[in-house]
Amino acid sequence: MAATERLVIAGKAYDSRLLVGTGKYQDFDETRRAIEASGANIVTVAIRRTNIGQKAGEPNLLDAIPPSRFTILPNTAGCYTADDAVRTLRLARELLDGHSLVKLEVLGDPKTLFPNMPETLAAAKTLVAEGFQVMAYCSDDPILTLQLEELGCVAVMPLASLIGSGMGIVNPWNLQIILDRAKVPVLVDAGIGTASDAAIAMELGCDGVLMNTAIALAKDPVRMARAMKLAVEAGREAFLAGRMAKKPYEASPSSPTSGMIE
Amino acid sequence: MAATERLVIAGKAYDSRLLVGTGKYQDFDETRRAIEASGANIVTVAIRRTNIGQKAGEPNLLDAIPPSRFTILPNTAGCYTADDAVRTLRLARELLDGHSLVKLEVLGDPKTLFPNMPETLAAAKTLVAEGFQVMAYCSDDPILTLQLEELGCVAVMPLASLIGSGMGIVNPWNLQIILDRAKVPVLVDAGIGTASDAAIAMELGCDGVLMNTAIALAKDPVRMARAMKLAVEAGREAFLAGRMAKKPYEASPSSPTSGMIE
Amino acid sequence: MAATERLVIAGKAYDSRLLVGTGKYQDFDETRRAIEASGANIVTVAIRRTNIGQKAGEPNLLDAIPPSRFTILPNTAGCYTADDAVRTLRLARELLDGHSLVKLEVLGDPKTLFPNMPETLAAAKTLVAEGFQVMAYCSDDPILTLQLEELGCVAVMPLASLIGSGMGIVNPWNLQIILDRAKVPVLVDAGIGTASDAAIAMELGCDGVLMNTAIALAKDPVRMARAMKLAVEAGREAFLAGRMAKKPYEASPSSPTSGMIE
Amino acid sequence: MAATERLVIAGKAYDSRLLVGTGKYQDFDETRRAIEASGANIVTVAIRRTNIGQKAGEPNLLDAIPPSRFTILPNTAGCYTADDAVRTLRLARELLDGHSLVKLEVLGDPKTLFPNMPETLAAAKTLVAEGFQVMAYCSDDPILTLQLEELGCVAVMPLASLIGSGMGIVNPWNLQIILDRAKVPVLVDAGIGTASDAAIAMELGCDGVLMNTAIALAKDPVRMARAMKLAVEAGREAFLAGRMAKKPYEASPSSPTSGMIE
């Protein structure tokens, strides 16, 4: 299928609306094969957990996922304060030669991985002032996502459900409000469990979907990566096509009843 | 995506797991363009409503959807008794030169279009005895779908929700029981509203999906047809890939917490 | 709360819209205490599993649940054919001195306990002809429930979900169609798991709810029986009160915004 | 039913776990009759919209809902900043002779009435310092509700869905996390549409439910108030009773299959 329109973040266009993580794979080779099957252009990397050059002599993710082919999106997974997150992304910028597009996540606690929104807002403010292009993982709070946008974030990334839960889109109503108001791209980040979850996110009008566990912990990650690629395209096409109205009852036959051939 | 395995019905293999109807389009040209975009191999036609040769001199659907390229699946939409349905399919067999693969539907009333299952069972018995290969539209009753299979139907086609309702898959539990037991293909027929509905059906393990209204009444039917093609493939791939387990709570981080780079 | 209107089945009025079973309790004393807490007037008894006099010298349920205080509703749990069910209810009529109100259930298989609808229809026909007042456990098929009514059943009892599953009301849409058309009482039978499930059934407009496992297998069955009594009353009152319309979005403040005190 | 345990907020015990508002009724008489039917002890009043003495010579709500019989809970509906909310509650304290139990709500915008959480946190801090006992309307964010608790709020009141929407409990998972962690009472505030919604909130383990529109905009508000009273009691009893486990499939018969009477 020819992509008829592209995802634009911070002025740069991408062919794929599926963004993927790099955690939980068996090895860098499986990571590479899954990411290739996903068709993703943007690949997010947990700077505090993944070697992208900090540890000389150890396997480097960037050998498997070269920045020449992929947009590497450093993230702050594992950070629980604004300070930690800011420090981590400054390090990432150094490691990645001045790269400024980053994914901010400041977590509330290690058990739910729910975002700490006040710390997220504080970190976003600092990072924007330092010239970062901030994509912000956040709750599905329509007031706070708007505040992130006003602070200058280039994208907001509300969770569909808890990170790693695979519970899908629990509250489509909040997402709808966010989508109705946002002027920056809205990407669902966290909670996708299977292909239909990704399709639903796109059908709601989301600009993209970011996922990791749903692919990495599928029985066959490469095949699931392909399923997700198709699902994101399917959901986007369905959104653009404009679905039929739901009619809970009063079913109408598929053909007009007048003029039936008896 | 290369199809790695095919749908087999009555001993014949098909590349696509998406079956489509021909009703509710503006004209035969729109019908043709949507069906081509859907990638469907099997196209179902309401014999009592559509001209496939009964009315000489009027536009013939088979000029737009030629039997040389598509498997035409005559159906009995608009029939409310076993007798009517049997008579209609005998006529179809004549019109289609002995073609024996048919879709049986015997409706309970014109308002819900819910199947009349006793009449469906009666018709299936007669049709199988007369050499038809019967794909049967039915309720999601796991006992009755098994009876249809025992009568010799080559596929069972439970509704996801009412015909033309677009309500999606209301009762996945009944479908699951049917899928766990059936030895013939199970295709969801009726109720699909958008791409994710089709993906969900396939993720449950259905062998295929049949739809009409969701495509024909989308704002852009051709684009929705393409969305449905992708969604059916996405759902099938996700089913084969084996999804991650759902974890409502106790989210686990996308990377192991041991060995974090501080 | 004073009951403002009563449930009428086969011409007889009952104060309570909650019907209960007698299985799965620890002993007849617990059965008695739970049933008293439930406020039920009609108590259903599995004739093939429970001693109501067939076995002289063994504990008799009717000593705990005396027919002088409760309407005993014999049921055919464990029957898989129309013949078995009819035979069982003839026996019940003898044991209960000509009692004619019965609950028919003919099951499809021991694993799902889903009803076998053709056998149920056949048994209903025979039983009505023999003068029984038949309340029929059935699927939520709106065509078949109407056929049961046309055969002369005094109530139809569609399942909410599988017997003993506690999954609640899976398909409210089918129930709604049944309720819109039925002229006999419609009682949800099977699938209730907790109090809100019973309330939802009543809010849909059901005339009553029958349950067993949800009470008997609660940690505190007597307390759950009381919860169910309250829930059925709550749901009925809410149905009669007429709920507010849902407004997914565009929330309106609880008070008019004009004339605010600044 | 005798209440076996009571709701305790800020050291004071209440018989009823249902809290109600006073907006949207036709007149103060209907307000009074509905509130009496609800059995509520705590009645919340929008200080900026309702006359409780600010306007001499106009009808005063406190004549219908006398503070001698009800705990009046002043709220800040219509406030969009922490300053506004604080000012409004200082006024309320004057009007109500030093009454310190208040409901804080700081809204994000007039269209969704979603809470503005940073402003809510700021107001809570000030109000607690000034000796108010603050019950805080909030989003269902488990990190922020904990912060409200740490600031000294005596209860947290997450929304079930948007104020006035009647959409019920959209995200039970977030509520569950909040309930698992909170040491102060958790009351669902906003979004309840009908009786079963209230029962579900209580079954999750909430300490209480606050509602207004669901009662005031029912066709028969007094009857709906009674339904809500019963539903809250039903849900609480069901929670305490401990529901049966859900078994999506593999239904078990209501009685042991061994020892069947043939």
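We just call them A, B, C and D in the order they show up, numbering each chain from 1.
Following the convention adopted for this analysis, contacts are C-beta pairs under 8 Å (C-beta built on N, C-alpha and C of every residue); 3 or more make two chains touch, one makes a residue touch a chain.
Given the structure is predicted, the values throughout are model-derived calculations rather than measurements.
Enquirer: For the copies chain B and chain C, give the interface type as same if over half of its residue numbers appear on both sides, and as different if under half do.
Expert: same
Enquirer: Going by average Cα coordinates, which chain is farthest removed from chain B?
Expert: Farthest chain from chain B, going by C-alpha centroids: D.
Enquirer: Using the average of all C-alpha atoms in each chain as its centre, how far is it in Å between chain A and chain B?
Expert: 33
Enquirer: If you average the Cα atoms of chain A and of chain C to get two centres, how far apart are those centres in Å?
Expert: Distance between chain centres: 47 Å.
Enquirer: Need the CA-centroid distance for the pair chain B / chain C, whole Å please.
Expert: 35
Enquirer: At least two other chains touched by the same residue of chain C: list those residues.
Expert: Correct list: 112, 162, 167, 173, 177, 248-249.
Enquirer: Write out the stretch or stretches of chain A touching chain B in their complex.
Expert: 1, 21, 23-24, 46-51, 54-55, 77-78, 110-113, 162-167, 193-196, 199-200, 203, 212-214, 216-221, 223-224, 226-231, 233-235, 237-238, 240-257, 259-262
Enquirer: Give every residue of chain A touching chain D within the complex, in rising order.
Expert: Spelled out, the residues of chain A in touch with chain D are 108-109, 112, 114-118, 121, 139, 141-144, 147, 161-162, 167, 170-171, 173-174, 177.
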